[in-house]
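Just so it is clear, A, B, C and D label the chains in written order, and each chain counts residues from 1 on its own.
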Amino acid sequence: MNWIFLILEIFGYIFIGIGSFFLLLASIGLLRMPDVYNRMQTATKATTLGALSVLFGIGLLDLNWMPKSLVIALFILLTAPVGASALARASYKAGIALWKGSVVDKYKEEKEEE
Amino acid sequence: MDLFTLVSLILIIAMLIAAVVAAEIKDLLSAAIAMGIVSLIVSILFYILQAPDVAITEASIGAGLSLAIMIFAIKHTERWEK
Amino acid sequence: MIPYYYLASVALIVIGIYIVIAKKNLIKIIIGLDMMDTGVNLLLISIGYVKGGTAPIENGNYTLYVDPIPQALVLTAIVIGVSVMALALSIVIGLYKNTGSLELDEIRRERK
Amino acid sequence: MKRILGGVIAVLIFIVLALAFVHIPFGNIDLAEYHYYNPVDNEHTQDSVPQHYLDEGKKETGSTNIVTAVVVDYRGFDTLGEVTVLFLASTGVGSIMYIFEKEKRRKVRRANAVVETASKLLFGFIILFGAYIFVHGHLTPGGGFPGGAVIASSFLLLYLAYPRFHAEHKNLNIAESLAGLTFVGVGILGLFLAGYFLYNFLPFGLPTYLFSAGVIPVIYVAVGVKVGSELTGIVDAMMGVRE
């Protein structure tokens, strides 16, 4: 039954490669994006996917690590969006303006409706 | 130059840049955050130097609690250095 | 070979000393003291490092370990450092509430 | 003027310290090569202190993690002193901040609903992680000091998410006093049972199991609770929110 582990290892490396690619995209986006909110969006969305993929790949490489890496993935899934939303809200309240090309400002609309 | 030296040198250069920023910037909030970055990089260096106990302690205290305490203190006083 | 870890931690200590000497803002001075603390911790840990050694947790496979004594020293020193820093910051907040300033010159002028 | 003076002094100190430390070899130390001078017998013994801890630590204390063995067992008295310093600093912060708390009330602004829900969900897990760190202090990296810091950071999360949240000082005091009493009580029990303060009088058990290493887990749990409650008290005092 050695070939099952070989296939698992290959899939694990494929997942790690996908994850590293998304992390690379996230860091390029961090440099390219024009304002805080766009940067935060790349830094959270792409990083969450990349980190989850890398963790799943590591779990496939050695099946003993699978529960641990799944738990770590669950906590990244729980904490990263919350932190990003808190940061975005704080920077909006601190008065950082949107980029001039932005067209949607849901937060402001909601404020005006109240 | 092996991997140990390379990673250590990159981290040390980033740490010293953050330390100089914390020394020279006029905004005390930015200085406190730069100090947190120094603590975080030092905790990674502790991990590289095979001290995981100290690395956990430094990451949770130096980069978490001490930064929060300093930000509370800045909130009670004023933000800009004259 | 240059021991760059020692030089980096000495540089941290020296930047802390420079802040304490040259700056007049009290919170900046406390940041400098914290930086000196961090530098001394890094110096102690890097002196205890042994090339090729692992962390001093015995799991049967390794025989070469790093020095455990500096790690035990630094482990407690970090916690003491943050609590002493909080004490110093609370004293600074007290000074600010009484004199209305964080700069050493103005506080000294206030006393006269 | 002061900046130039400070810069010159800093460069001079850097040169002196660098010249002093450049002669210490980095990473090439053989721990068995240190010769320990024994003043009682007036001779140099072959066994150095760190090598002795590494060789005999598992046998003498039962702890797998040698750093924990040094912190709690070989230098347990030192740890008691450190915890006392921490207690004094926490008391000082509380008593200084108490003077100003009546004057200025912080403007309370509600946090985001996302943050509130997530912090309610994560608070228990973070407490559990801190407890895991200090219960397994003798087996894995970690111990009482980082575990207490993680617990205090979980309370910091609650403080940030709920501005009206306020930890009861009475409960914090009770937890801290009980932890301190446990530490000192275990030490005095060792004094009665074996003749040494902080003697490791419980059976060691099998190494790498949770219930091993005698009194080390008991003391580390006490240290963890004490550090956690004290750092929570410091955060509470520095936050300065009263209703």
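One rule holds in what follows: a residue touches a chain if its C-beta (ideal position, glycine included) is under 8 Å from a C-beta of that chain, and two chains touch if they have at least 3 such contacts.
Bear in mind that the values here come from a model prediction, so they are computed numbers and not experimental data.
In terms of the stated touch criterion, the partners common to chain A and chain B are D, listed by label.
Here the largest set of C-beta contact pairs joins the chains C-D.
Once the centre of each chain is set as its mean CA position, chain B and chain D turn out to be 20 Å apart. For the pair chain A and chain C, the distance between mean C-alpha positions equals 33 Å. With centres set at the average Cα position, the gap from chain C to chain D is 16 Å. Residues of chain C in contact with two or more other chains: 5, 11, 15, 18, 24, 46, 49, 55, 57, 71, 75, 78-79, 82, 86, 89-90, 93. Counting partners per residue, chain D has 65, 67, 141, 143, 145, 149, 231, 234, 238 as the residues that reach two or more other chains. Counting partner chains per residue, chain A shows two or more touched chains at no residue at all. Chain contacts here follow an irregular pattern that is not a line, a ring, a star or a complete set. Pairs of chains in mutual contact: A-D, B-C, B-D, C-D. Within the complex formed with chain A, the residues of chain D that make contact are 111-112, 114-115, 118, 121-122, 125. Contact residues on chain C toward chain B in their complex (touch as defined above): 4-5, 8, 11-12, 15, 18-19, 23-25, 27-28, 30-32, 34-35, 38, 41-42, 45-46, 48-49, 53-55, 57, 66, 71, 74-75, 78-79, 82, 85-86, 89-90, 92-93, 96, 102-103. In the complex of the two chains, the chain C residues touching chain D come out as 1-3, 5-7, 10-11, 13-15, 17-18, 21-22, 24, 43, 46-47, 49-51, 55-59, 65, 67-69, 71-72, 75-76, 78-80, 82-84, 86-87, 89-91, 93-94, 97.
Partner chain C is touched in their complex by these residues of chain B: 5, 8-9, 12, 15-16, 19-20, 22-23, 28, 31-32, 35, 38-39, 42, 45-46, 49-54, 57-58, 61-62, 65-66, 69-70, 73-74, 76-78, 81-82.
The part of chain D that touches chain B in the complex is made up of residues 65, 67-68, 133, 141-143, 145-146, 149-150, 152-153, 156, 231, 234-235, 238-240.
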